[in-house]
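Each of the two complexes below includes chain A, the first together with chain B, the second together with chain C.
Right, the complex of A and B next:
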């Protein structure tokens, strides 16, 4: 799984780099606008270890933000999936709020909370929170009639059991949604760092932009792609193991 | 001659499928006696399951009245149901029945030929085994009327006979409404057979007395044929 994802990333990255260099040579652009291969290699040698640390910093914030978003979205979705007034309110609020771009709120967060870890964490969590919430609410409000019927008609249905049935029956969907939102967490963290933070690969990108150093940007993009692939593979791997375990229990795995 | 007591009665039930003009029942009247193994028979799509769901209170009729024993528990089970997959079927059934029914559960598992399956997950079972497991968990609930909608589908004939005899013997004080497409089965085993007809026919439902045979009783073939013909003509 990791091998496939990394090789896919390498293919896309090298293709994009090739096109950029082709563009440079066709239009005879200077090294200042698009650096040559040797310049990129030189920058990579000089900044790789620093950017690696920045990338790990970003990844750790994205992972924590993602976990927080998953926990929060689960709790809110459970409340939102209830048929009562609070549930309806939460559902309506979630659908309306998610339409508002979180990035637009980011400056307010930086002004109020400063440019440290908390702001990065909050923006990372918020960016992946709404898609998670909407998916979770969708899953938890969809009845699994052929299983739930017995509990309903015999008066045994409780909200905890309802959540358990719906989550269990949609474990594949949940796993896909969580893995898919990991990219959003990475994007959120990088955007937050780019806008106003004082650490992380997004911050390094901002510095590179101020210096108009495309070679640094390309090195940073390479590391972002690698870290993103690693995190996605890790989540897909966990999802695969969970599904495999459940399928073995249910006797449907060969 | 005294009139038999009525346990449940539908009066002038009218129902269309939601968001369509398709009429399913118009002024449908039927009644069930308090105990016994009754049948509901009709051609495919005539509305047997819909009527069962109306009786169980899962859907509401547009007009008409349902009367019966006050606070009666009516359960509706069908062959479309599944058990959750997170535990074995044995664990699941043990968890959803009253504790005092444990002995009866063991007996039913044995009588229904499911002892070997109790540690399996629901998805590992055959269709017939799934239906029998589902039936067991319903039989062990508190109920006055249990509607069995094709609950013995995909179960072989000999086992079906054994199960029906078992139900009659173990639950003599309960009322069952057995929905089946098998003409001979309802004719042989059911007490009253409600033959549901298409809405253009009047009356929409006709009650016919079945043979209602029990364990050890032999089938009177000439009577069986007569009942089967009656049902065919009624449907």
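Right, the complex of A and C next:
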């Protein structure tokens, strides 16, 4: 799985780079506008290890932010899936809050919490939190009639059981949603670093753009792609293992 | 086969028609462009008053030019736009130009707008005034990592042998809160733009401010200059002359105290967020930073300052090899006095 995803990323990256170089040579653009292969290689040699550390820093924040967002979204979605006033209020608030662009909210977060780790974590969590929440609410409010009917008729249905049934029956969807939001967590962390933080690959990107150094940007983008692929593969792997375990348990039970 | 030859003939004819010069009709001189795009370095603020004035007062139109003045911004780079062909003229700072030329960009400088760099550091007047770079020791200095203020400040540190451990550098963005909260002692600002606004805010709060200007201590790092491409100069010298003539006239008149009211009324339409009183102060400060030394015309290019800018960048390894700045400063070569 990892091999396939990384090779797919390599293919896309090299294709994009090739198109960029084609554009450069067709229009005879200088290395300032689009760096040549030698310039990219030279920059990669000089900055790869530093950007690798920055990328790892970003990835670690993205992972923690993502985990926090998943936990929070699960808790809020359970409350939100109840058909009461609080539930509908949470749902409305989630839809409305999602409409606010993070680039407008981020500066306020940096003012309140400073430009350290907490702000980056919060922004990363915020960016992936709302899509997660909405998906979770959607999944947890959708009845699994075949199974739930029995418990409702026998009067044994409790809200905890309802959540368990719906989560179990939609475990594939949940796993896909969680893996999909990993990219958002990565994007959120990079955006946070770009806007106001003082560490990470987003911060390095910001400096590279200040210096109009596109070669550095390309190196950073390469590493972001690699780290993103790694994280996605990890999540997909976990999802696969969970599904496999559940299927085995199911098989044993039946 | 007959169809095949007809197809070849059709393609050849189309090719002849599409070729701009050197096709079937033989070489034709390129027409002087009338519609031009002028990409500024930053958003509309006081630092572009002369550019806007030239357009508003019809100086470009009188030269037979239609100029579309487009605002710049943090992610907009006039040099890249010039090379791609989306703009014909632009504004860039010396560090951008030198960096680009070091990477083979065919950019030339037509005029230097700021004679003194407006990038200075604002600080509160306290018990220990800053009278020399040595007084910066043990203070917290804001710099934009990767920005030209970092380059200027590091050059100052090198010149006055201030070690890294003798002061604290604080990475800044567009949010001034750390300065207002006194977490940072000196904050980089454009003296003629945000410098006026921040000092006004602090004065209202009863605080007196001052500005630390590296230029005073021998760090000459050139700011905004008007640029174009070598190709533009070679192919359309008349257009370049007309453009720069109208632009310089716009700047001269906008900065002339006689036209202050008219220039400020115009500016207020573009910069709606700055109160009129502050715009007036900004204009006065801009004038002081832009008026060339006696005997020099507006737009005069300070060649030694350009050389120093390139030397500073080389010393800080921001460019891989020396750049001959004399080759890119070409005001004199297109007619000298305008």
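By definition in this document, the second predicted complex is superposed on the first by the 250 of 254 C-alpha atoms of A that agree within 3 Å, B and C clash if a C-alpha of one lies under 4 Å from a C-alpha of the other, contacts with A are read in each partner's own complex, and residues count from 1 in each chain.
Assume a residue touches a chain if its C-beta (ideal position, glycine included) is under 8 Å from a C-beta of that chain, and two chains touch if they have at least 3 such contacts.
Keep in mind that this is a model prediction, so the values were computed, not measured.
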{"item": "Contacts of A:154 with chain B and chain C, given as first, second, both or neither", "value": "first"}
{"item": "Contacts of A:97 with chain B and chain C, given as first, second, both or neither", "value": "neither"}
{"item": "Which superposed partner A:14 touches (first chain B, second chain C, both, neither)", "value": "neither"}
{"item": "Contacts of A:196 with chain B and chain C, given as first, second, both or neither", "value": "second"}
{"item": "Contacts of A:212 with chain B and chain C, given as first, second, both or neither", "value": "second"}
{"item": "Touched partner set for A:146, first chain B, second chain C, both or neither", "value": "first"}
{"item": "Broader residue contact with chain A after superposition on the shared chain, chain B or chain C", "value": "C"}
{"item": "Partner chain in contact with A:39 - chain B first, chain C second, else both or neither", "value": "second"}
{"item": "Contacts of A:111 with chain B and chain C, given as first, second, both or neither", "value": "second"}
{"item": "Footprint overlap on chain A, where chain B in one structure and chain C in the other make contact", "value": "none"}
{"item": "Chain A-touching residues of chain C, taken from the complex the two chains share", "value": "74-75, 77, 79-80, 83-85, 96, 99-100, 102-106, 144-147, 171, 173-175, 177, 318"}
{"item": "Chain C-facing residues of chain A, complex", "value": "27, 29-33, 35, 39, 107, 110-111, 115, 195-196, 198, 206-212"}
{"item": "Contacting residues of chain A [partner chain B, same complex]", "value": "146-147, 149-151, 153-154, 156, 164-165, 168, 246, 249-252"}
{"item": "Chain B residues touching chain A - in the complex, by the definition given at the top", "value": "56, 58, 75-78, 80-86, 96, 120-124, 134, 137-138, 141"}
